[in-house]
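After this come two complexes, each holding chain A, first together with chain B and then together with chain C.
The block that comes next holds the complex of A and B.
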C-alpha cells in the first residue's frame, strides 16, 4: 500500500525545498549538525505501515500534501492570540508557523530563567552545544532529522543552578498558514537543583491541512525537577509529528503530562533516558479524539541505571471513527537493579466504530526489579450510568460526566490551575459534542 | 403512619421480572399509600434487590408481566431519570463508586436537575454549598466528603449516609431503601434512622428493605411484608418483625405453602 521509495525521496526533497534556505550560522558546530541531519534525510525514507514502529499509523496522507513556504514575518497582533495565553505564565515565547515572533513574546524580568531563541542568542550560550541535537536521535528518525536540518529558531530555556522558577514558562506554537510545514524546536536545560514548569502548546488559527514536525530536548542535571506539560490542540486537518527526548541525571525528577486533542493524524514519541541513579520519571498522557482522527503515542522509558522510579498512566478516549494508538516501552537494562516501574493504559471507546491499539512492551534485563503494567479497553460502565440516571440525570449528561471524569484524572495532574480549568472545559465540550 | 385520606403512591400487581432469562419476581403484589412506612423482609436471594432495581428502572431486569402504577401512572413508561424526577428514589444496597466525579459536583447537578424539572429554584455553587452542609450536619457527615469522588474509598457506612444525603436533597415521594441498615454500627444506624424519620411525612412513603429487626426499633413500620422466591407471602404489622426475629422465616414459608395447598 505504501508509496515506493522514489516517491518518498521526492517528497522529502520537496519538504527540504519548501523551506527558505537557511543562512549559515556563525556557530560551526551548528552548521555541522545541520549538514549531518541533511545527510540523514537523504538516506532515510518516510516510514510506512510496514515499519514495526508505524504499524498502526498510516501517514501516507501526509505525503500527498503539497507545501508552500512560510510567509514571515507574521502580521498577527497580540489581540489575535490573547485567548491562548495562560494567566500564570508571565514568560511566553510565541512561534508563528515555526518562526519566532519576538513582538508577541514576553519574558518576565524576574523570570529566573534564561529564555531565548537560538537565532538570537546562540553565540553567548556555550552551554547548549553539548545538548542540542544530542538527545533526540535523528540518525534513524526521518522527522527528527528533517527538524534538525532546519534548526534555526529554537526555543532555548536554561534554568540556572538551584533556581526554582515560580511561574510556568509558556512556549506557544501557532499555526496560521495552510500547506505550511513548520519545525518547532525546544531545548530545556535544567541545571542542578533547579525547578521549572514548561508548557509546550500547539494551537491553530486555521482549519486546513498543514504539517508540524516538532522536536523537544530536555536535559535534567542532578536533582533538577521539571514539569513538562504538552498540549497538542492543532487544527482538525493538521499533521503533527513530534519527538521529545529527556535525559535524567542523578536524583532528578521529571513529570510530564501530555494531552492530545487536535490534528487529523498525530504521532508523539517520548523517550526518557535515565543516566544516573535514583531518578523519578512520571509520564501521564491523555488522547481525546473523535471523527476520523488518529492519535498515536509511543513512549520509551529507559531505566539504564539502578534505583529508578517510573510511573506511567496513559488514557485514550476515542469516539466516532477515531483510532488511538499507544505503545509503551519500558526498558530495564542490565544492572538497573531496584528499578520500580508501573504502567497503565486505560482506554474508553465512545462508539462502536472507534478503536484502540494499546501495547505495553516490557524489556527487562535486570532481576531485582518491580515492574507492573496493565491495559484495559472498554465502554462506559453501565452500573455507573444507571446510578447517575437514578438520581435524575439524563443519559447524555450521565455519559458526559463519566467520560469527563475518565479524562479528568489526567488533566488533574497539570500543576497550572488555569490550564487545568481550560482543558477540563475543552474535554467537557468535546465529550458533549460526541453524544 | 396510616392516614384516612391517604393517596395511593405505588400499586404493584402480579409483577414478574427476569434477570439473564431467569425469572426472579414471580407475581409480586404491593400497595403503598402516602404517609406509610413499609418494611420488606425475607431471606437472601428472595428478590428484594431485584424488586428495588425494577422500580428504579435498571435495564438488566426485564419485566415480563404485571403492572406498576406510580401515582396512578404506568411506571414502566418512564426512563430511570424520569422516575427520579417524578419522585422515585432508590438508596442502593451497594452504592456505586464513581472515580473522578467530585461528590459536590454530582450532588449539585442532581439537585439542580431535579429542582428544575419540578419548576423549583436551582442553587448556584455557593448557595448549594450552604444547603448541602446543612443537610450533612443532620447526618453527622464530615464536609470533606464533598471534595472526594462519589463514594470512592468511602466505608460501607459512609456510602449509606451519602445515599440518605441524596434522598434528603431530592425529597422523593417514594423512597426505597435497600438494606441501608446493613453494615452500620449502632451510631450510624441511629443517625440514618433519624434522617429517614425526619423526611417521612404524610405526603410521601418509604419502603425499607431489611434483614434485621433492629432497624425497625428506630423506624417504626406500618406494615411488614415477608418476601420469598419473588413474591410477598405474608403481610402484618410491626409485631411481625419481632416474630420473624425470634422464629425465623421457615414458619411463614410453611404457612404460605399450606395456604396454597388448601386453595
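The block that comes next holds the complex of A and C.
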C-alpha cells in the first residue's frame, strides 16, 4: 500500500515542479490561494480505480508520463487557428498551451461585458475575489488542487447587471506542444438579470500526448441566465481532466451542453449547486468516442433549496474499443421541497468491444418532490433499421442515419448555429467512419 | 396532513416478546476454538471444520465494508455469542415432543408446528436462535425424493450433496459477512429437489432470534436438479431488545437445466424503537446460480423489519436462456436504514433479468436501492429491465437509488428507470371525494404502489405482506 502512495506522491511532486516558477501575483489573496492548493496537492494522492469516484476510469496511463507547463509558448498566427473560430462569436479569448495569447484574442468593443485574462486584469478584482477558487472545491480533488496551484492566467468574464449579451463569448484553448501540462481556468460571474452564452472550446494542433487539467467556475446571481457550451475536441493521445462548478442563485437559469469527442482519456466533473429557490438547471451531454478512447462524465446536481427544476440528458456513442462512463447524481437535500428533476442516460454501443458503465443516482431527503431517472444501453433498433431499408436505404446508410440522429438530439440544443452545424458535421463523419 | 401520515406508520411490533426457555449459550467471543466448539457440538465431519477454519482465516484478513449507505456503531464481534440453542429435553422422535414452550412461541407467531395444525400445504423448517427445532412434512416430501431438513441434519445424512454445493455459489471469502457466516454458521435449511420433480407444496423456513447476546448465522442451501421446481418461503421475527443483534445469513440457490427456484422472504425482524434503539442488524448474502440452460431463479422480498438491512439477493445467469428475477418491497420507518437491491450477472447467451424494486421510507429512515446489472462479453442477446420506485412519507426520510449498469456486449439491451413520489394531498382528496377515508386511501395507494411485487408472492404470503404493510401504516387518520 505504501509503495504506490509514494509513487503517486512523487508523481504529483513532479507535476508541481514548475509551480514555483510561476510569477507571484500582485494579489495577496491569490498567492495564499495557490499556496493552500499546493498544500492540498501534497496531502492528496492520485485517484485509482479503488476510489468509488474513479472506479471505471483508470488514469494510470497518465501517471506513466511526465508533463510540465510549457517553458516557451508556441507563437501562432491567426491563420493557424482560424478554422476554430465561431462566426457568431465576436469576442474571443485564446489560450495556447494554457498561456494567454493576447495577439490572437479579440474583445468586441460593444460586448458590454468585462472579458479579460486574470494575470492582466486590473479592473473589478473586488468582484472576483469572493468567487475565484470558492466554487470548485479543491480540498478533496487533487486535479482541482493542481489547477488552483497553477492559477495564473485565467479567462475572467463578468456580465453586468441586466445586460443581455447577444453574441456568444468564445474561450478557445489550443494545445500545440507534446508533454505539456496546461491548467486552463475560467471564471464567469453572471450578475443579476443578465444573459450570456459562453463557449468553452478545447482543440489541438498536434496529436502527441499532453495533459489538460481545466477548472471552470460559474456563479449566477438572481435571475441570471447562462448558456454554457463545452466542446472537448482534444488530440487523440491527450489526457483531459476538467472540473466545472456552478452556483445558482434565486430564479437563475443555467443551460449546459457538453460534447466530448477527443482525448485518449477524458474526465469531466460538473457540479451544480442551487443556493436559493426557484432555479432551473438543464444539463445535456454527448460523448462520441471510438478506438481506445475513454470518456467519463460525472455530474452532480445538488438541489439544496426548494422549487428547483433540473433536466438532464446524457448520451454516449461508443465504437471500437471505447469505454464510456457516466455517473449522474441528483441530490435533493432536506427541505428542498417541490424539486422537479428528471435525468436520462442513453448509451449506444456500436461495436462488440465497446463498453459502457452508467450509474444514474438519486439521493432524496425531501418528500414533496418529483424525481425520475432512466438509463438504457443498447444497439440500434433493428426495426428502425428495417424501416429505413424498406424505404430503399442501404443498411449502412440506415445505420449511419440512426446513429447520427441519436447524437444530433444533443447537438441540436446548442444555441449557436455555426457551432451546431460544425459539430453536426463532425458527428456525421465520425459515425460514418465507424461502421 | 403529514402528521396523520406519520401516525399511520407508527405501529407497535407484535412479535417482540421473549420466550422464557432454558438455553444453552456459548461464551461470547470468536476464535478458532469457538469454531471447533460449534463444529464438535454438531458432530461435523473433518472437511466442514476445515471449510469453517478457512473461512475464519480469510475473514480475519478482511475489512468490514463501509460502502453501504448505512450508519451504525461498530460491531464488536467478540461481544457476540456464536451459539445459542434451547436445551433439548431428550432426543425428539415426533413433533409432540417439542418443548411446549417453543410450540407456544410459534403458535403465537402464527407458525404452528403441529402438522395437523400447520399451514395447509406448507412444509416448515423452524430455526430458533442457532438450531433448527422442527421440520414439518418431512416424510411426505421424502416420498417424492425431496430432501428438506435442517442443515446440520443434511451434513450428517447427505454429506456428499452438502460438500458438493456448500460454498459453490457464495465462496467462503466472498465478502466480510459471508466469510463470518461460513466460519460460524450453526444451522439453516437444506433442500434438494431431484431431477424432474415439481415440489408438491411450498417449502418454508421460519427464523426466530430469542437470545439477547447471540447472533444468528444460518445457512440455507437449495438445489434444484434438472427440470425440478420449488417455491420457497422465509419468514423472520425477533424479540424487542434495546441492544442490537447481528443476523448474518448466507443463502445459496443452484438451478440446473430447466430448473426453477422461487424464493420469497417476508422479513420482519425487530426494527428498533422509535428512537432507533435496538433492532437487528441484517447483513445477508443471498445468491442464486442459474447454472443450467433455461433455468430460472426468482427472488421476492418484503423487507419491513431490521434496524439495518444490507442485502442484495443476486442471480448469476450462467446457463443459456436462463432467467433472473428480483421483486422487492422495502418499507423503512423511524430510524431504520435499508440498503438493499440486487445483482444480475449476465454470462450466458440470451439471458434475461427483471428487477422491480419499491421503496417506502417514513419517519427518519433511509431507504436505498443499490443494484448492479452486469453484461459480460459472452452474454450475447442479454436483456434486462429494471424499475425502482420510491415513495416518501414525511420530510425527514430519505430515498436513494444507486443503480450500476455495466455493459460489455453490444447486442445486450438494458433499461433502467426510477421515480420518486409521495402520497399527494390531491390523491387523498380524490379518494375523499369518492367517500374513502384517508386511512383506507393510504393503504390502497401503498398496496397499488407495491402491487407488482405482491403479485409475485405465493398466496398466503401475499396476504401476510399486505396485512403487514397495512398494520405498519395503520393508525389514526382523522
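By definition in this document, the second predicted complex is superposed on the first by the 421 of 435 C-alpha atoms of A that agree within 3 Å, B and C clash if a C-alpha of one lies under 4 Å from a C-alpha of the other, contacts with A are read in each partner's own complex, and residues count from 1 in each chain.
In this section, a residue touches a chain if its C-beta (ideal position, glycine included) is under 8 Å from a C-beta of that chain, and two chains touch if they have at least 3 such contacts.
Every value quoted in this text rests on a predicted model; they were computed, and no experiment measured them.
Asks: Kindly say whether there is room for both chain B and chain C on chain A in the superposition, answering fit or clash.
Replies: They fit side by side.
Asks: When the two structures are overlaid on chain A, which partner does A:406 contact: first (chain B), second (chain C), both, or neither?
Replies: A:406: touches chain B, not chain C.
Asks: Between chain B (first) and chain C (second), which does A:52 come into contact with in this model arrangement: first, second, both, or neither?
Replies: After superposition on chain A, A:52 lies in contact with chain C alone.
Asks: Between chain B and chain C, whom does A:368 touch in the aligned arrangement: first, second, both, or neither?
Replies: second
Asks: Who wins on chain A residues touched, chain B or chain C?
Replies: C
Asks: Output check: A:390 vs chain B and chain C. Expected answer is one of first, second, both, neither. What do you get?
Replies: first
Asks: Rounded to the nearest Å, state the minimum C-alpha distance from chain B to chain C in the superposed three-chain model.
Replies: The answer for the closest chain B-chain C C-alpha pair is 14 Å.
Asks: Sort out for me which residues of chain A touch chain B in the complex.
Replies: Residue list for chain A touching chain B: 382-384, 386-395, 397-398, 401-402, 404-406, 408-409.
Asks: Could you list, by residue number, the parts of chain B that touch chain A in their complex?
Replies: Touch list, chain B to chain A: 56-60, 79-81, 83-85, 89-90, 92, 95-96, 98-101, 106, 109-110, 113-114, 117, 149, 166, 170.
Asks: Residues of chain A touching chain C in their complex?
Replies: The touching residues are 52, 56, 334-335, 337, 347, 349-379.
Asks: Quick check on the complex: what are the chain C residues that touch chain A?
Replies: 2, 67, 375, 377, 390, 392-422
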